[in-house]
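The structure appears right after this line, and notes come after that.
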Amino acid sequence: MKSGVKKLIVSKEGILFCIFLFVFFLMSLLSPGRFLSWYNLQSMAYQLPEFGILALSMMIVIVTGGINLSLTYTATLSMIVGGMVMANISAAGGNGILAVLAGIVIMIGMASLCGVFNGFVVAYIGVTPMLATLGAMTLFEGISLNITKGGAISGFPFEFLMIGSGTVLGIPIPMILFILIIVGTWLFLERSKMGMSIYMIGCNPKVALYSGVRVKRIIFQTYLIASVLAAIAGVLMASRYNSAKESYGSSYLLQAVAASVLGGTNISGGEGKIAGTVIAVMILQVISSGLNIFGLNRYLTNVVMGGILIVVLTINFLTEKRSK
Amino acid sequence: MGRTLVEIEKISKIFPGVKALQNVGFNINTGEIHALIGENGAGKSTLIKILSGVYQPEAGGKITMNGKVLEELTPLESLRNGIVVIYQDFSLFPNLSVMENIALGHSVEKNDTLVSWKAMEAIAADALDQLGLILDFHVPLGELSVAKQQLVAIARALANNAKLLILDEPTSSLSKGEVKKLFEIMLSLKKRGIALLFISHKLDELFAVSDRFTVLRDGQYIGTYSEDELDDDQLISLMVGRKIEYTIYPKNKKEEPLLEIQNFSKKGNFQDINFTLHKGEILGLTGLVGAGRTEVAQAIFGLNPVDEGTMLLDGAPLVINTPDEAVKAGIAYVPENRLQEGLVLRKSIEDNISLSVLDSISANNGLVDLTLKRSLTEKWMDQLGIRPNNPQMLASKLSGGNQQRVVISKWLATEPRVLIVDEPTNGIDIGAKSEIHQLLRELAASGLGILVISSELPEILAIADRVAVMRHGRIITQMFCEGLNQEDIMSKAL
Amino acid sequence: MNIKSLKIKELPILLILLLLSLIITIANPTFLTVENFLDILKSNLVLAMMALGMLMVLLTGGIDVSVASIIAAVTVITGQSLIHFSSNIFVTILVACLSGTLMGLVNGLLIAKLKIPPIVATLGTMSVILGLVLYLTNGAWITGIPDSFIEFGRITLFSFELVDGRTIGFPVQVLFLIPVIFLTWFILKKTVIGRGIYAIGGNLESAERMGFKADRILIFVYSFEGFLIGLAAVVHTSIMRQVDPNAFLGFEMQVIAAVVLGGASVLGGFGSVLGTVIGVSLFCVINNGLILMHIPVFWQKIVVGLIIIGSISIDMIQKQRVEKNKIRVDVE
Amino acid sequence: SQEVAVSDEITIVVMPKLVGIPYFNASETGAIQAGKDLGINVIYTGPTTPDAAEQVRMLEDLISKGVDAICVAPNDAAAMTPVLMKAKKAGIAVLDWDTPADASVVDLSIHQIDDREYGEHIWDLLVQEMGDTGDYAIVTGGLSAANLNTWIDAGLAYAKKQYPGLNLVTGKVPTDEKQQVAYQKTLDLIKAYPNLKGVVGVSTPAPLGAAQAVQEKGMKDSIAVVGTSLPTDSGPYLADESLRVGTLWDPAKLGYLTVVMAYNFLNGEKPQDGQEIANVGKISVWADGRTVIMGPPADFTKENYASFSF
């Protein structure tokens, strides 16, 4: 029992959680009263999910040994297409709830198309994920721009805005969604047979193939699932921002990679835990909000985040070295 | 015999939970071929890694070369002192040309700033000459077959002017002819005063060239013996602690066809392959390296779909285009290259064994039953005697033989009807080998059809009921093994 | 022999480049003029120089996403040094290369000594460097670059007169690119370190066993990349004549894309100077062609995305076909 | 941007679309100066990329921080609505500046200029320099920058009516807010459309890149470049007339005005049409009573650019 606890603490996730506590404590000290206010905690709970879901989406792709640079543009393209339908239905006087449902279904459908595209190019044609998704990023951005002509899609029904701003029992709906997705992705990645295959493919796709795993199909499906997650993040963003535009959340892209790796995901695939990514997302959120409330220059906040990334990985390196 | 070249004293190496080496000490002389033998996991590879500076021994150990103590050995230091190793995984560069793989080390060792492509070419040509090999210099190494890659590794060692050449199971992917050539080279190197440390699990090879034998057992030094002091049986009992020999299993004639291969052809791979595998039968498929045996096996398994030909399972036509279809149909394939094709090295034994049976250990909802996964792993680890007995151990940390057992377990766990094993006992010690033979025989007895691809004729003769011999992509002959001897097969394969 | 290996590796992408050029020329013959060639050359010198540095990084199996922030920092340093320190061209080059090399060195140390995966280490340094640059400059442009330097940047070589009376010629900045191409090629092809770069990209462990000091090679590679970025910063400043700290936001992706288009593998070990030059050219030609072919703006990104994915896919399908039809056994 | 709130002092947040570009730097100076002059606390902070999502997150944090007024230049108007409503609920005064937000949630709207008038003004300048017939092109900061689009759309609509002889050769060409890209794109435009007589650069780096291309091609006499640029940065191009005219307001004044208006609003003071604001000048106020216009832009040419300080 005792050794179990000790193991937990020295595990990557344990160290990360300690860092989270430390950062949280530090921010509380920096802006006494403000950071720890109920309002701020709730506000962070609204902000966290969209980024968190994108990070999880990025992470499962990284575990297969890939990367998805078209992540945020998948989210925005799907929210633009779905948003347009939703706004049109609602403008034509259609039932709000129905419009929302139709909108969400189309968002997820559109994202699935994006996922199918990426998945096909990566898995079946065999293009390096970085390049395939770089091309897809440009493509999706182009399609979005072509649809919006540079403007934003807005005029969503009131019901849709509730998704991003409503609460159930005092808990923000985005947070509830996020928790469901954490559990879902955890079951999927760490407990399901497909998840296990993903880890093995991430380590060595040839061995997986030689073991009768349908490697191409699983990689394809992973991009698909990751895109659906992106669409869910898109729903949250569109709802929270009351509009849809191709550039929303573009700053999340590299942050999502950073959060995955900070959370212990091996960038070359095969390793990574949902818990790690979630804690890393929380760390980044706390630093971002905390320093913003404290009033630090935004650029220095970036410096701090970059520094944290390097420091945490250095700690990982040193502990690993010591355990050897 | 020459003078002492290397003195190894009190070398120990402890990995978490494993004492890989304990106080090992012996000498290697110039101009001798010194065999290092022991069961899988005895510590042979570990000792080599210490000699080559990859691992540091525990305090107290000492290595002396030509009277000079080698302290804090690094790979470069070791190389500079003339210790050259050919590892089990070759340690080559798939993206570089054959020439560079052979000759680049020279420039590094000489601490050159510039490379001279001319000089490299000369060095590579010379080394390949010594091996009597003809290869295109400029082809990226990754495009060569495993066998050729290994020859390149040997050529590289020659080019490095080794004083002590260490060969870790160098013959495992070589054909008889190539082994013979290698031995000739080893003997000529020996004549030039070079010391060779030679690791192999094949006793006939060991006796063919070795002057002295050093035996390790469970990380401990058992003794060093000269060739004339020992015979096979004594050597085995020193290694294993008991007596073992190849059991020649009784041959059967089976009637009931299981897998029928008809007119399999694939351009550039093989032509007109016809054979029938019966229920309860072991069919040996042999021939020289490069004869196309692996290609046939991979065609059956869906890795290398044929241009034409049909396959019948239980008399019903079966079309297989991907491995998962093969697995579903009950066909299993143990590949010849376990490091690249057989094992996910970064994952545990448990993850590896369960990889091919994820479907059967998971519930309808797609979640894996972890207790079932563990019990299945333990069952097979037990059955095949995988050491150390820790399902969480990473596959990369296992010794070669135990790695092979993990691969076999992975496939047995799928409860196949047809089992194809490609060089199943490659790198496996004699004790384990006979266990695997017995296992294969038992599986056959339970009704499986087994196709054994092996270059080792005694192995084929020991376990196979029938043998098919391949040459240049065609099956030349099929014979019953009853009453056959090695020469009968060899004469067909050449 | 070498022609044979060129055939296999760089040919498909070269063909795509030629095909694309042909299509653009048919749509607008202006494409094939010397003037257009010189324009493309001049406006992509920086990309080309940075791509060559990135090539080396990719060859080791690494990646560097901090290049854009490094060049932003170096252009700022260069600008300040030109104004406050010395407008001598050699001093400027020295300052720029030194500062670029130092920043590359930091990346190299993090990656080689602390074993931080390259993408993460450089993601970290990217945040830190860019954050500091924008914090310190507040994004303000640096104007008032000394005239002598601006004049230097305007020099043209081999100038000649066009029919309409204007003179054009090779921009002086080409004098930076050519040695850089040669130097990179020389290092990769002719030096032991260069072969070591390929070796550690092919098999890190074996390279170390063979005696390559992987640490030193990695540090060298990232520093060299920083050095090239320093040169590129001088080139950029001499062309733009003022410094915008934000001028390179997002540029890293273009650099990486150009190199990978040129056939370099992000997994390491594969790639060549020739391939990179072709990749960069392809990239420039696509961008140049968009306007020359009168493609409507809202379609341009779609076209670029499709060309990137399309050309790599064709290349890939081609490779797979070769692999599939490879003769494995000499069937009698 | 590093002021720490003192609890009993008034704190006004001014959030630009992004920090770290010259235009919004200049507004920062003005905003901070106004804070000093009024003896209040001004926080000038914004995202590092023009990302609406990032802006919303920062606003949410600032609401947590507890401030008195928020003045925002939205990257996207609709995106700000929910968070601005939250701010209002928290009792915070909400203003937009530079670029309009959703009119229904803001208490005051501070603008440099009337967008339509400005767009028309730019096209007037173009015609003044290139004549009212011939080919021209537009290089813009980005395809989805709302205020740039508003000006361009206004200008295009105006040109259609007023200057039918003008021929726009291709859609507005995006340049990523980078001079280097504007330079490159203009080079391509010159070759693609050999009869080009004019280029409109919208967003501050765009006219400079266009001017640089025209200058280098030796075509400054045949191609007229006009656009929105800061006089200090565009000096070298104005000097040799590769950039014929630049037009912009003083962003520092806009920052200053924004803070003053927010302060007045917090003190219950409504803006008046024709009101004289110290250090800014006369403002005009629309009939809605809450849209404040700073005044006409300044045009810079070879002759006068040196007399401007922004």
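As written, the chain order gives the labels A, B, C and D, with residue 1 at the start of each chain.
Assume a contact is a pair of C-beta atoms (placed from the backbone, for glycine too) under 8 Å apart; a residue touches a chain by one contact, two chains touch by 3 or more.
All values reported here derive from a predicted model rather than from experimental measurement.
Asks: Is the number of contacting C-beta pairs greater for A-B or for B-C?
Replies: Of A-B and B-C, it is B-C that has more C-beta pairs in contact.
Asks: Could you tell me the distance, in whole angstrom, between the mean C-alpha positions of chain B and chain C?
Replies: Centre-to-centre distance between chain B and chain C: 44 Å.
Asks: Can you compute the centre-to-centre distance for chain B and chain D, using the mean CA position of each chain? Integer Å is fine.
Replies: That gives a centre separation of 71 Å.
Asks: At what distance in angstrom does the C-alpha mean of chain D lie from that of chain A?
Replies: Computed from C-alpha means, the inter-chain centre distance equals 33 Å.
Asks: Which chain C residues sit where two or more other chains touch them?
Replies: Residues 131, 134, 298 of chain C touch two or more partner chains.
Asks: Considering chain A alone, which of its residues make contact with at least two other chains?
Replies: Those would be 145, 149, 297, 299, 302.
Asks: Taking each residue of chain B in turn, which ones touch at least two of the other chains?
Replies: As it turns out, chain B has no residue touching two or more other chains.
Asks: Considering only which chains touch which, how would you classify the arrangement: line, ring, star, complete or other?
Replies: Here the contact pattern is something else, fitting no line, ring, star or complete shape.
Asks: Please list, in label order, each pair of chains that touches.
Replies: All touching pairs, sorted by chain label, are A-B, A-C, A-D, B-C, C-D.
Asks: Can you name the residues of chain C that touch chain D in the complex?
Replies: For this pair, the touching residues of chain C are 28, 30, 33, 35-36, 39, 43, 131, 134, 137-141, 143, 166-167, 236, 240-242, 244-247, 249-250, 287-288, 290-292, 294, 296-298.
Asks: Can you list the residues on chain D that touch chain A in the complex?
Replies: Those residues of chain D that touch chain A are 1-5, 19-20, 43, 45-54, 56-58, 60-66, 75-83, 90, 142-146, 149.
Asks: For the complex, which residues does chain A have touching chain C?
Replies: Result: residues 69, 121, 125-128, 130-132, 134-143, 145-146, 149, 254, 257-258, 261-262, 266-268, 297, 299-303, 305-307, 309-310, 313-314, 317 of chain A touch chain C.
Asks: What residues of chain C sit close enough to touch chain A in their complex?
Replies: 65, 110, 114-117, 119-121, 123-128, 130-132, 134-135, 253, 256-257, 260-261, 265-267, 298-306, 308-309, 312-313, 316-317, 320
Asks: Considering the complex alone, what residue numbers of chain A touch chain D?
Replies: Residues in contact with chain D: 31, 34-35, 37, 39-40, 43, 46-47, 50, 145, 148-152, 154, 161, 164-165, 237, 240-243, 245-252, 288-289, 292-299, 302.
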